[in-house]
């Protein structure tokens, strides 16, 4: 694969709560290559959204603890929101989970775009042609800029936000659960649009956060699975789905229903148990309590190692 | 949008109807003969007594069937005839009230507008800086908890009696006659200032607090987070938050109109300022029921009109009502 | 929810809390709330002040052996060791008037506020839960009462009554202060109505009234409590205004009436500050403390607002 675009090392981001720190993201290390679409999958609360958000804006109770983030060779000062501003929108951008309500309801969309661009030092007039072109790409008519968000349907708002977030051709795009609230055919359209952005060079690399592995299978070059704030496995898509090495990934993949397979023929298996509390995380491997392959060594935390080229696993049994 | 206005106008029409009916009903449901009660309570000269007796019987028409009395009342009302004042006999109520209205409006309109605008701006500033917030907040709460008349009393005592800067009573100096002269206008203004300031301050506190809370709420909205994620400067986000926060503040203004009008009335009483409030006080003390009822109807109409005005402004300002589509995601 | 409903949720009174639906019904939530309640400075301070005044209202009148309106001393006296708050133009004990006035203030506040809260909840829950025609009718009633300026109506009613007492005054105030409460409760009930736990209760055959009492209201208990406090404060203010105009109770004394008398008998130009400062100050401090208590309560119940 080509040069590395994003490099994250030992990233720790915790949440401050009155009962202590929730270790939502603990010692995360990975890299995303130029032009790569990486899917980030896992259960609710595993830390994937935290990871996505921390790469662009620490919000509310999030607290940077440790680690480095490097984008295109430059260090991203994610702990300093002022310094980070220079990178936002231009180098790093996000399509948020709440894209449907992300636009100011009392401002015409075109005015909103203009205000935003001008405030970031980009002339709106100069961008107008490119903006129109991108609107056509996502099948939105130009007069959407004259409308208020309330006049648009959910899907149209989503597409508008996708266009806006990628307008300045960021190096890294974070797509946070962009398909969660949509029906299947719209999901497909959105997924295809994301790939289109990468293929046309609007974005260099992308992290697609989702809890739906079957969706991300369609568009991602590689998939990274997280569990309880730690990385479990990262591999190219086909490898991860066909030959996963981490027990959690294996259970996750096998719990996916297959089209055409009836319940009578093959039972759906879930994963019994629930993820551990991240307030006082368990010692060693965090999947230990639910893992069918756990043994004594699992009391010691397994490192995230490369067992094959581009295939990383954090499991004593797998490595 | 037509639905929006239609609904509002319907409410106002019903309200007016109910108010007038209540006004008409009350004297008839009090125990005893309302006319005799009113006449005996007022001290009158014999010829006035007779004229009023005849007038009352006509207006109340107690010899007529009830529905006819009701209709007569409405007819008179729509002709602008609110009866004759007992206390200031034989002046018609409408005329007496119209003399007082300009003074009340001169207090209300600037006080409402200025306190709303200034209070909102100030509240927005307070939401920005911690030190300002820590001072504005308690001051604002104290101001909004202050009964209107007490602030008036305090201002009158401190700035008029003690400091002697402003006059304590009246609409203009008793030595002057109304005329278009600088002296008179100056006197008007000097007498106007304290009651105006009193109304302004109480309102200011309330709006400042409301806006501060609204801005904090708006800054947590999705659109604010999105803009910040895309690196928008604070001032852009705050500008949007402020504009959005003004909308519920506008609604709040409509809700507060009744309270503000009541505040103006009592403030006038404190300063013996010759507006509607002072008139009402004298009417009560002199048992002039026609005047009270007339004032009541004027207040109702005024508040309904003001409400309607706010509704119009709201439609102009909130695009969601204009597009005719409602509902959030 | 329509746009106007969203407005209802956020701006109903300048000091009203912003409602964010955070339904928590477990026991732990109650204990957690108490923990934060004890530590919240605003809540503790506000509550202390209000309770202090309540004590004065109960105990104060017992300290003086004469009635508040009796002529007991030399007129227009400054505060002294004998008459702590001085005397009025007629030689009445201002302190005695103050403490008795506090009693009627608390009475009107509790009764008027309580009645308004009750009506507001009744109408709000019914309209929000039932919907349809019932909702439309109740909405119209709410809007009409909302627009009518309270003082104007009370003006006309009170004028025709020969004898007026504290309780009728409280009832009148209660009958007209509830609209904003009903609106906000209706909006909340609307959104809670479609939640799963309500559906579950409905499936198990619970009646509408039971559902409201057992499922919906407890989820809003914090908001209901704060609403009552606001209504209490509002009732105190309205009563003071009414009394000041001269439409208050015909017997006894109240803080508003004290101010009325003071202004009427030239206390202002004569500088008799001990007559008009205590009653107004009392009302301001009590209502202000109630508002601050409310802010504190909002912080206790809304985890997002708590200072870190």
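In this document, chain identifiers A, B and C correspond to the written order of the chains, with residue numbering beginning at 1 in each.
Rule of thumb we're sticking to: contacts are C-beta pairs under 8 Å (C-beta built on N, C-alpha and C of every residue); 3 or more make two chains touch, one makes a residue touch a chain.
Remember, it's a predicted structure, so these values are computed and weren't measured experimentally.
Peer 1: Using CA atom means as chain centres, which chain is nearest the centre of all the protein shown?
Peer 2: C
Peer 1: By raw count of C-beta pairs in contact, what's the busiest chain pair here?
Peer 2: If you count contacting C-beta pairs, the leading pair is B-C.
Peer 1: Cα centroid separation between subunit A and subunit C, in whole Å?
Peer 2: Using C-alpha averages as centres, the distance is 50 Å.
Peer 1: Could you grab the centroid distance between subunit A and subunit B? Build each centroid from C-alpha atoms only and quote it in angstrom.
Peer 2: 55
Peer 1: As a quick test, compute the distance in whole Å between the mean CA positions of subunit B and subunit C.
Peer 2: Distance between chain centres, rounded to whole Å: 21 Å.
Peer 1: Give the residues of subunit A touching no fewer than two other chains, as numbers and ranges.
Peer 2: Residues of subunit A never touch two or more of the other chains.
Peer 1: Any chance you could list the residues of subunit B touching two or more other chains?
Peer 2: 247, 318, 320, 327-328
Peer 1: Along subunit A, where are the residues that touch subunit B in the complex?
Peer 2: Touch list, subunit A to subunit B: 56-57, 59, 84-90, 93-94, 96, 98, 100-108, 115-116, 119-120, 148, 150-151, 154, 157, 161, 164-165.
Peer 1: Mind listing the subunit C positions that touch subunit B in their complex?
Peer 2: My answer: residues 1-4, 6-7, 10-15, 18, 140, 143-144, 146-153, 155-157, 159-161, 180, 233, 237, 240-241, 244-247, 256, 259, 262-263, 268-271, 273, 276-277, 279-281, 283-285, 287-288, 290-292, 295, 304.
Peer 1: For the complex, which residues does subunit B have touching subunit A?
Peer 2: Those in contact with subunit A are residues 221-223, 225-233, 236, 240, 243-244, 247, 318-320, 323, 325, 327-329.
Peer 1: In the complex formed with subunit C, which residues of subunit B make contact?
Peer 2: These residues of subunit B touch subunit C: 11-12, 14-15, 18-19, 22-23, 26-27, 30, 138, 141-142, 144-150, 153-154, 156-157, 160-162, 168-169, 205-207, 209-210, 213-214, 217, 220, 247-249, 251-252, 255-259, 261-263, 265-266, 269-270, 280-281, 284-285, 289, 292-293, 295-296, 299-300, 303-304, 307, 318, 320-321, 326-328.
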